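My questions all concern the structure below.
A, B and C are the chain letters, set down in written order, and residue numbers restart from 1 in every chain.
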Amino acid sequence: MPHLTLEYTRNLDGLPVGDTLLALNEALFESGEVQAESDLKSRAIALDAVRIGIAGGACGFVHAQLRLLAGRTPEAKKALAERIAVVLRARTPRPAGMMVQLSVEVVDMDRDSYVKEKLPQA
Amino acid sequence: MPHLTLEYTRNLDGLPVGDTLLALNEALFESGEVQAESDLKSRAIALDAVRIGIAGGACGFVHAQLRLLAGRTPEAKKALAERIAVVLRARTPRPAGMMVQLSVEVVDMDRDSYVKEKLPQA
Amino acid sequence: MPHLTLEYTRNLDGLPVGDTLLALNEALFESGEVQAESDLKSRAIALDAVRIGIAGGACGFVHAQLRLLAGRTPEAKKALAERIAVVLRARTPRPAGMMVQLSVEVVDMDRDSYVKEKLPQA
C-alpha cells in the first residue's frame, strides 16, 4: 500500500527520475515493511511555480512524502524516512551556487477506511 | 468542504475524467454526509512519472484521496471510501495485460484551523 | 520546515502566482512561528481537470495546504491559516458571474520521522 510522492523543483530536473523512483521502491521493499513489491506506488512531480523563503537567490528542493497504513512504530517510520533520504542524497543534483534542500515526510493513512484492490481484467 | 484528488497513471488516460469527477461528487453528495453540493471540490491529476513496484511489467493505478473535516465516524468514512471505489471500478480502463490497482484513502482535516469561504464579487 | 501547496483552478489563472507565493512566505515568516525564512517551501499548482459540486455553472477555487511539524497550539495554527487567507483574499481573481471559493487547511507532520537537511555542494 505505500504511496510515495517525490516533488522536485524544476531547476533540479537533472534528477534521474525513473532511476530514482525505482531505487526508492527497492530501498523501501528491502526494509521488510512492505508485503508485496507491487504495492509500492511511487510518482514524481516537477514543480514549476515555487518560492523558497523570502530572500531570493538560487535554491531548489526535493521533498518525498511516504504514505503508509497506520501501525508502524516510530522507529520503523524513522528508518523508512532515512532509507528514502539515502536514495535522494545520492541522486539529487547540486548545481554550483544553488542551495538545495532535502526533506522526507512520513504520513499515517487511516487503516479502517482504506480501500485497495487489483481490478480484474474486463 | 470535501476535497477529493483523483490521481491516475497516464497509461490509463482512457479514464473519462469529467464524467468520473461528476459521478464522484454525486456519489459523495448522495451519502448525506455533505451539506452543500457546491462544497465538493474534486480534481484529477494525470501522473507521467510513475514506478509501481520493482519487477516491472505493464501496470497502472488510480488513487483517490478524500479530505474531510474531522468528526465523521469510522463507519461513515468507510462508507464514503466504498462509494468512491464503486465509481472508480465502473470507469477505470483495464487494458489487456495490464495490472491495474485501485485505492482510496480518507483523511481527516483539522477542523479548528480550517478556513472556508465564498469570495464576494469584487 | 513549512511546506505550502497552493492549488488553484485554471480559470483563475489571473492569480499572480509568483507574487502570491512570496506574500504567503512573508506572512508566514512574520508570524514568528518559522525559525528560518529559507525553511519556507511553497509551490503553486494549476488544476486543469476539476469538478466543483454537481449543479454546474461558473465556479473556481483556491486551496492552500500548509504542512508544519506537529507541536503548534490550535491557536497558532488557526492564526497561520488566517494569515494565508488574508493573502489569498487580496489576490484571488473574482471573475464576474463566477463563484470563487477559498479554503485553507493546516496539517501536522510527524516530527519524529521527518528528515530535513541542506545538501552540501558536491
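By definition in this document, a residue touches a chain if its C-beta (ideal position, glycine included) is under 8 Å from a C-beta of that chain, and two chains touch if they have at least 3 such contacts.
Chain by chain, the UniProt names read as follows: A, B, C = 5-carboxymethyl-2-hydroxymuconate isomerase.
Not measured: the values here are computed from a predicted model.
The angle of the rotation carrying subunit A onto subunit C, fitted on C-alpha atoms and rounded to the nearest 5, is 120°. In this structure subunit A contacts its sequence twin subunit B using mostly different residue numbers, the overlap staying below half. Centre-to-centre, using mean CA coordinates, subunit A is 21 Å away from subunit B.
Subunit B has no residue in contact with two or more other chains.
Across the interface of their complex, subunit A is touched by residues 7, 47, 49-55, 59, 61, 63, 74, 77-78, 80-82, 84-85, 89, 92, 94, 96, 99-108 of subunit B.
The touching residues of subunit C, counted against subunit A in their complex, run 1, 3, 17-18, 21-22, 24-26, 29, 36-46, 67, 109-110, 112-122.
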